[in-house]
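Inspection log for the structure reproduced underneath, given as structure tokens.
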């Protein structure tokens, strides 16, 4: 909040309770104050650290060697996240709204697997959910001015949405038809891997997108010829999405970056104007 | 048809027979009325369902387990499509013209394999033809305003046709020459897979388009060097179609979307103006 | 030659011998007259047919079965090309100049292997040279108006030459450095295929260009991490040539197509203006 | 240095010692004089030759055969580079500054491994460091006008830096999340290669960038479906960096090329104006 704002809109009287709540809200949800920035940096490091833990745990050799250390560190991180989750629930005005929001669910899914692991033996499937913590990074960056480039990309993508849908439909259609043709052509040669239409469609996707694993490859002359046609189509068709995005980006102008990191305590809407006192979406008074 | 049109061009007297025909035509071929829209949505779902059936039938394990259910469902879908095909033939003014049109043939090919399966034991080859039903989706979308993005893409592609042909000719030439060179270079090492010039050309396509299956790969030092050159050429040459489409799309402007979904009952031409009373192509009176 | 030209520049007296030479020159080298066009079409078909012959000969199974037919057809094509070659030498004013020109050498290489095959047993190496016949197609298209799109592409490529050289140097540098690093990293695991620096560089090219055969693939954790970095670089770097060509094509305007297919009988220069009487390059009088 | 400059700024009196130093500096660091150009060309050839030596040494079969010749040539190159390194240290005004500069370290690393090889048996790791000699080429080209195309590319890249960072972050996030999902999906089938989350992430990178080695490939139906989605995402997402660079290059104008190759003897800064007498960065007098 700018100094001028403070002069124009003097802080109203509040109970100490509310003041604490507001303070925590400002630290956790916003990035204007030094403490808010410090919190974001610490959170970012913890998230990256916890994601690294989940990855290391999944490597059999490392898990066998350092199992105890990994479990202890995992608990430390989980408890930190639990405290943060509790504070978030405490300081927002409408806890239920946060609880059922996208980030609320991500936050819960980040800590739940470790607690469930006490009751039920921790399985691979459960612990991998914690990788979703990575999505929490977006919340941090969403508050800073880093996203200017990204928002421009998103605008370009949104404006060419119709063209992208048509393009994807075309790709799906071509892949289904080619997959079926190749299934018929190569069905006499089971060793080439075209065992069913879905598998052949999978091959068509692998080929059209120029990935080319080689686990399924045509063995007949006709199959190879058709595959060559598919490849050249794929090689040429890649030009279409590129052309779409290029021309969209050439047209678009850089939008003004959001300079304000305030978040509405009621509806969690961000991107307010610098001198905004009330939320532009729900009209709630913003924290100064 | 707009309400104003109805005021300006009062509906002429017709026999009941003609009225029914016209009504069915409007439902099946157009998408203006609520019934026409409902028909299109139902048809879309049925097509997607029948395509899924064909795919599942091709998977050996699923076909073994649920063969009876799949056959029954296949018959249900075929009978529905047969009724639709009969109605289409009934309501158009010139059935033969529809019969020999692109969609007329697709419609026939969609239902024929199941009926032929009674007389002759149903083979894999026949049943896969039914995947062509997917093309019928285009007819549905052709009537809606979804295709604006697509039509712009098509315009860009058509305008850069000359450049695309030159580009493709160049690709074919380079692939034939490189394939022949690699055949000579690697012919001493049959284990690397360059067994004939066509096979080597197939390898050149796989490599130039950056698909890279790995089923054929050079084993000599010279072969690897030449392959590297091919890859770098392919990596650079991909820029050409992209550049063509990009610059074309940058130039082109979004065309006005077709707002009218009327189809001429005589020549099946679509994209009429909103207030059109007569077909712009053959002069036949359009259904109101 | 336009009718107006004929009025303005009346045909001069020539000996019959010269008239025949000129007539043949017009048919073989130009494409203005109906006979010239017919000749080009026939030549195009023969070239494509002979290239197909060379390809089929290289397939062991086909060669074993139809060897005699292939040899006979090959001789028919060779004799046709020999007659054409002799006529070309006869009708040009300076045969030696044609003999040592690019197309003169290609024409000779197209027929020589078959004749050499009588003296020496026809080897794979000799017969594969005949695939160069494909280059002769370019001469045909060089005379028509087909190349407008191509010439525009060439202009765009030529104008961005400096950028393309810098880009290629960068690619070569990055590939050499990455190849050497991967050689050191993976040298303990000979089974992953990084046996020498050149092989590792080959792998780096395969990976950076997103071809990815899979014959050489990292097996250590560090190797996989470095490979991932290379892939993402390659994935991003592909944008550079595309961007170069796109922006060049956006800038360039469609050049006027060459409307005249006259070829200078002296220096074989093409692309003369419609009303040109003398060659723009060497000043020789053009055939009317 | 231009002739006019010589007239305007007459050469000041210097001791012979200084004159020699200055002469060597001009030859080694600049490319204005014929001798300076000759030196650069010779250096370029020597560097490329020495890099070829390092590569050949790494090939087991070549090293076994020509070991002695390779060692001798390596010593010749190393001694030449040592002399050059000594001269560079001698002629710069502040040797320590050069010693710790980027090129100073590269120069040292280019010769050190050979000398260390006497004391310790030359290992693969040591000798591979010499490939860094390749970076010395950049110094040569940095002085010429070759880099105009490159500098334009760099400007385009720098201007779209924010968008590229956002794009890369998005790629890393998507790859981590998809890798984790695939690990869970394919963990029951260890033969498909998804043995840990890092390995699965490696697979996701290989697939998203359309490299597709095929060493790790999904075997379950769900895995194949998810892989297809990843491929289509990757195929579409490649449009984004291309679009970014294209639109940036379309906007940017060709910058003026640096016409002057003088290098400051104090701070080694290049790109001075044509008539510059003092270094634009540190104010030191430039050699005439």
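When the chains are written out, they are named A, B, C and D in that same order, and each has its own residue count from 1.
One rule holds in what follows: contacts are C-beta pairs under 8 Å (C-beta built on N, C-alpha and C of every residue); 3 or more make two chains touch, one makes a residue touch a chain.
All of these numbers come straight from a predicted model, not from anything done at the bench.
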Going by C-alpha centroids, which chain is farthest from subunit D? Tell me that one.
-> B
Given the two chain pairs A-C and C-D, which is bridged by the higher number of C-beta pairs in contact?
-> C-D
Taking shared residue numbers divided by all residue numbers at the interface, is the value for subunit B and subunit C over half (same) or under half (different)?
-> different
Match interface A-D to one of A-C, A-B or B-D, accepting only the pair for which over half of the contact pairs are the same residue numbers.
-> A-B
Distance in whole angstrom between the CA centres of subunit C and subunit D is 34
Chain centres from averaged Cα atoms put subunit A and subunit C apart, in whole Å, by 48
Counting only residues that touch at least 2 other chains, which ones in subunit A make the list?
-> 164, 167, 198, 201, 210-214, 234, 238, 242-244, 246, 250
Interface residues, subunit C side, partner subunit B - complex | 51, 54-55, 58-60, 124-125, 128, 131-132, 134-135, 137, 146-150, 152-153, 156, 164, 167-168, 171, 198-199, 201-202, 205-206, 208-215, 238, 241-246, 248-250
Interface with subunit B, subunit A side, in the complex: residues 160, 162-167, 169-170, 173, 176-177, 180-181, 183-184, 187, 195-198, 201, 207, 210-214, 217, 221, 224-225, 227-228, 231-232, 234-236, 238-240, 242-244, 246-247, 250-251
Interfacial residue positions of subunit C with respect to subunit A in the complex | 210-214, 242, 246
